[in-house]
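Scrolling down, you'll hit the structures one after another.
Common to both upcoming complexes is chain A, partnered first by chain B, then by chain C.
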Partner chain A sequence: MNDLSTSSQITYRAVPIRPGVIRRIRGLSDQALAWLFITPTIVLLLAINIFPLVWTIYLSFTNYRANRPNAPTLWLGTDWYQSILTDPDIWAAMQVTAHFVVWTVLIETVLGFGLAFLIDKKFRGHGLWTTIILLPMMLSPAVVGNFWTFLYQPQIGLFNYVVAFFTGRGASSFQMLGDVTLSPWAIVIVDAWMWTPYVMLICLAGLRSIPDYIYEAAEVDRASNWRQFWSITLPMALPFIMLAVLFRGIENFKMFDMVNLLTGGGPGSTTEVASITLKRAAFESWRTGYSSAFAIILFVTVFGLANIYVKALNRVKSR
Partner chain B sequence: MSASNAAHSVVEPSTGTRRFAGLLVILYAIITMVPLIWIVLTSFKSPDDAISYPPKVFFKPSLEGYCNVFTTRSRQTQEFIQTLGPPQGLCDNIARSRNMVVAGPSNYVPRFINSLIIAFGSTVLAVALGTLSAYGFSRFRVPLKDDLLFFILSTRMMPPIAVAIPIYLMYRTVGLSDTRLGMILLYTSVNVSLAVWLLKGFIDEIPREYEEAAMIDGYTRFQAFVKVVLPQATTGIAATAIFCLIFAWNEYAFAVLLTSGNAQTAPPFIPIIIGEGGQDWPAVAAGTTIFLVPIVVFTVLLRKHLLRGITFGAVRK
Partner chain C sequence: MNLDVNTSTPHVSLTSRMLRRGPLEAIATAIIAAGVVMLMQPFFLTLYSWSFAVTLFGTVMFTIVSKVRE
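The block that comes next holds the complex of A and B.
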């Protein structure tokens, strides 16, 4: 931009100038263009994500309540953080979340990797069946979760009927969503149904990234199939599996929509994962300051996990 | 993954292994499809068939669910119904057989239209912003590039409820609560991170030489971007747009917390469709089916790019 004065002269003598020079002086410089292109995105994110985040941090130190905007706001310091970290209800919610995250990720990884391993055998029609398997993960967790409440109905639900058919128990003898011991598993089942394809797809990419010559070499060395699986397949697909595990972990740690529609946190608070606790505090009890502090704690946790996620991404990318 | 697979090598699985693998995968696929098939079946059942025990696989199809999701009905006495003229259309006919008359359209249509406007609006914005930024990050030396990219990605990792609290307060202050514009901006900000990461991957794959050649021919950098890079990136832009569309279409947490009537989308509305005496399951199933069909179509269209989309462009096959 600094040499606009010369640009008019240069354009008339077009041909003998080196392309680099032309690039710099005609129109905007690359640097200016770069900022012009990137700034709108950054501004939007600052306005809709970062500004609210800073506001949340501020609110988390006050006694502000969103349903009483005119009440005087007091500075409380770190009181909310202390009370949250010592609150048994919060720790109960964290335990529920941990149960949900650990079991869903475990089931999805085992099933997903197994499926990917089988699909990688390239049987006839594997493309079509892969697409069919992928469908659940693209659907709205809320809308589908809502429909699962119908499948889980004690008397009329299909799920209960099928379980009753195979176990011989009465179809109305158990309530997946109303029972204290069963409801944590009810949400695990729906999540595994939805997200196993996700893990499967990433694992499949991992398996396909293993070059054939490694297996050929192993074959020459007369390594057994079992040995090949443990020494080649699994270690080489591991970065991809880790990526899937990490991403599912992050997503399920903040799970809200599906659980909200299936159980709403109930019965009691047996399926009250962290996001549901947060929603109840923020939008039902209107304890804005308290819930802001909890939101920040959750955010810091997710942010830490996201950091690891990006490192894992870069490692996979460099393959 | 390339030519070596086509050739017959010692590591090709045997026919028996293949068949067995295929059998297991197909079995899983069928089990996993049952809930989806059940949604579609239920949408064509009459309310009595929908809640019968044992569950009915064969039944007399009815359009009552679809009628109920699009209309509101009121119960009337036989005498009153007799005073009305002949039933107008199929839905009126079904309603009258249950001693009801169609009172008007339901709220499903405006919610569906909201979903369309908000999903398409935010997709267009996110893809436009994302394409520009992705090009900027792909081609220019930007200070703190990696940090900026990480910052952009991390905004998507935030728990939606944590974001919803201050957004709720902010929108209340500036008058954006329960407006389509507010939801479009919010979804754009969530989608733009995906758009930047995906599109950067796609643009990275377009050789720089194309633009450089165009610039030697006298194009400015901006002209080269518009006339050379954009046409090359069409597939990537389309795939990214579909991903953004699916996210905005499916989103529930923000929608349920931040909208109540005006700007409410379909996902928070479908679960609260109720009939007389509890949930009207055929109507819920019909609303769900109509809502899911576009996503199924898009998934089939997208299948080659799915992997990229769900890993923010990191895994490319």
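The block that comes next holds the complex of A and C.
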């Protein structure tokens, strides 16, 4: 009560703006006023995005090491780029990344589109099922990584027991995260589990955008359900599927957190995706110049893919 | 009264047909895609070595041609 009575006694006094200031603001042209408003944003963007990028490009041509900031920095030209692009170990890391990207995108697209196709039909409890399917996508990758580590435990892990139930093998006879053959698939399964709902959402938007009259016309022409799917549903949802494929492709190309939590790149280097190699070069070997060059190579690849993504997005928008 | 009407479409050269945003963007997209495939393929180290140059070329080309008239 006291607080209320105190606050009610507060009086607000208008601060007079000096006429000189008003005159100066009124004197500005529209363009000057626009610049005045967007300058803070531009400065912030330059400081947060552009400067680190330019600095990384500069470092990629030098022998700079972040753990020896006072050591003399030598200009090496394109030596790091040549070294990375002829290194069979980095090439192997790219192939691990390719395995991860190709399989996750393929599985997520097929399952996501299938789920969207099912959810698009009206049935009882449709909203509840949509929410349940979307749950994994809402979790943090750190949480997902940790609880899948428990699920993959050979002694107590639920995943091993389920596989043992269906295959008849002993539950602790195999290790998903410790086996050279199984560990790449273990991370594919987790990523597919987490991100299939996202692909489903995009595909669902595509399916919902198809007008009903097209199906009605097809039914008048006595087209079978199979024919309707191949001639109407799939072609019209294709731009959305492409969008999901590109987005997941770009995201998985950069994947770090989940793989780091699940396997840390092991066993050996069987799950060492490009971002894990980059982290090891930058913060374990402290080869800052080398890792900057590697980061620029990955950046250009992602930037190129993002261009294609934006083009696909514009095509979807123009529909 | 002369009723002759010229119904033929105006002649557009191959160069001006090609120098439009659409085809140029498609070419740049194909070059970027080729670069990414070269980066991740497991068959030839030489292709991997040239992948960055190809992707960079495609990306720069895409950035430039996206400013070309429609």
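The rule we apply is simple: the second predicted complex is superposed on the first by the 280 of 319 C-alpha atoms of A that agree within 3 Å, B and C clash if a C-alpha of one lies under 4 Å from a C-alpha of the other, contacts with A are read in each partner's own complex, and residues count from 1 in each chain.
By our rule, a residue touches a chain if its C-beta (ideal position, glycine included) is under 8 Å from a C-beta of that chain, and two chains touch if they have at least 3 such contacts.
Just so we're clear, the structure is a prediction, and the values are computed from it rather than from any experiment.
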| Touching A:F303, do we find chain B (first), chain C (second), both, or neither? | both
| task | See if chain A has more residues touched by chain B or by chain C, and give me that chain. | result | B
| query | Looking at the overlay, what does A:S140 touch: chain B (first), chain C (second), both, or neither? | reply | first
| Between chain B (first) and chain C (second), which, if any, makes contact with A:L182: first, second, both or neither? | neither
| query | Regarding the shared-chain residue A:V163, is it in contact with chain B (first), chain C (second), both, or neither? | reply | neither
| A:L106 contacts which: chain B (first), chain C (second), both, neither? | neither
| said: Just checking: does A:L118 make contact with chain B only, chain C only, both, or neither of them? Give me first, second, both or neither. | reply: first
| request: Pick one for A:A98: touches chain B only (first), chain C only (second), both, or neither. | output: second
| First (chain B), second (chain C), both or neither touched by A:L234 | neither
| query | After superposition on the shared chain, which partner residues are touched by A:A223: those of chain B (first), chain C (second), both, or neither? | reply | neither
| request: Would you please give the residues of chain A that touch chain B in one complex and also touch chain C in the other complex? | output: 303, 305, 307
| chain B touches which residues of chain A in the complex? | 14, 19, 22-23, 26-28, 30-31, 33-38, 40-42, 44-45, 47-53, 55-56, 59, 66, 111, 115, 118-119, 121-126, 129-144, 146-148, 150-151, 153, 155-158, 161, 171, 193, 196-198, 201-202, 204-205, 208-209, 211-213, 215-216, 219, 240, 243, 247, 250, 253-254, 256-257, 260-261, 274-275, 278-279, 282-283, 288, 291-292, 295-296, 298-299, 302-303, 305-307, 309-310, 313, 316-317
| note | Given the complex, residues on chain A that touch chain C span 81, 85-86, 88, 91, 94-95, 97-98, 101, 297, 300-301, 303-305, 307-308, 311
| Can you name the residues of chain C that touch chain A in the complex? | 25, 28-29, 32-33, 35-36, 39-42, 45, 48-49, 51-52, 55-56, 58-59, 62-63, 66
| request: Spell out the part of chain B that touches chain A in their complex, as residue ranges. | output: 1, 4-5, 9-11, 13, 17-19, 21-22, 24-26, 28-29, 32-36, 38-39, 42, 50-55, 129-130, 132-133, 135-137, 139-142, 148, 150-155, 157-170, 185-186, 188-189, 192-193, 196, 212, 215-216, 218, 220-223, 246, 249-253, 256-257, 266-268, 270-271, 279, 281, 284-285, 288, 291-292, 295-296, 298-300, 303, 306-307, 310-312, 314-315, 317
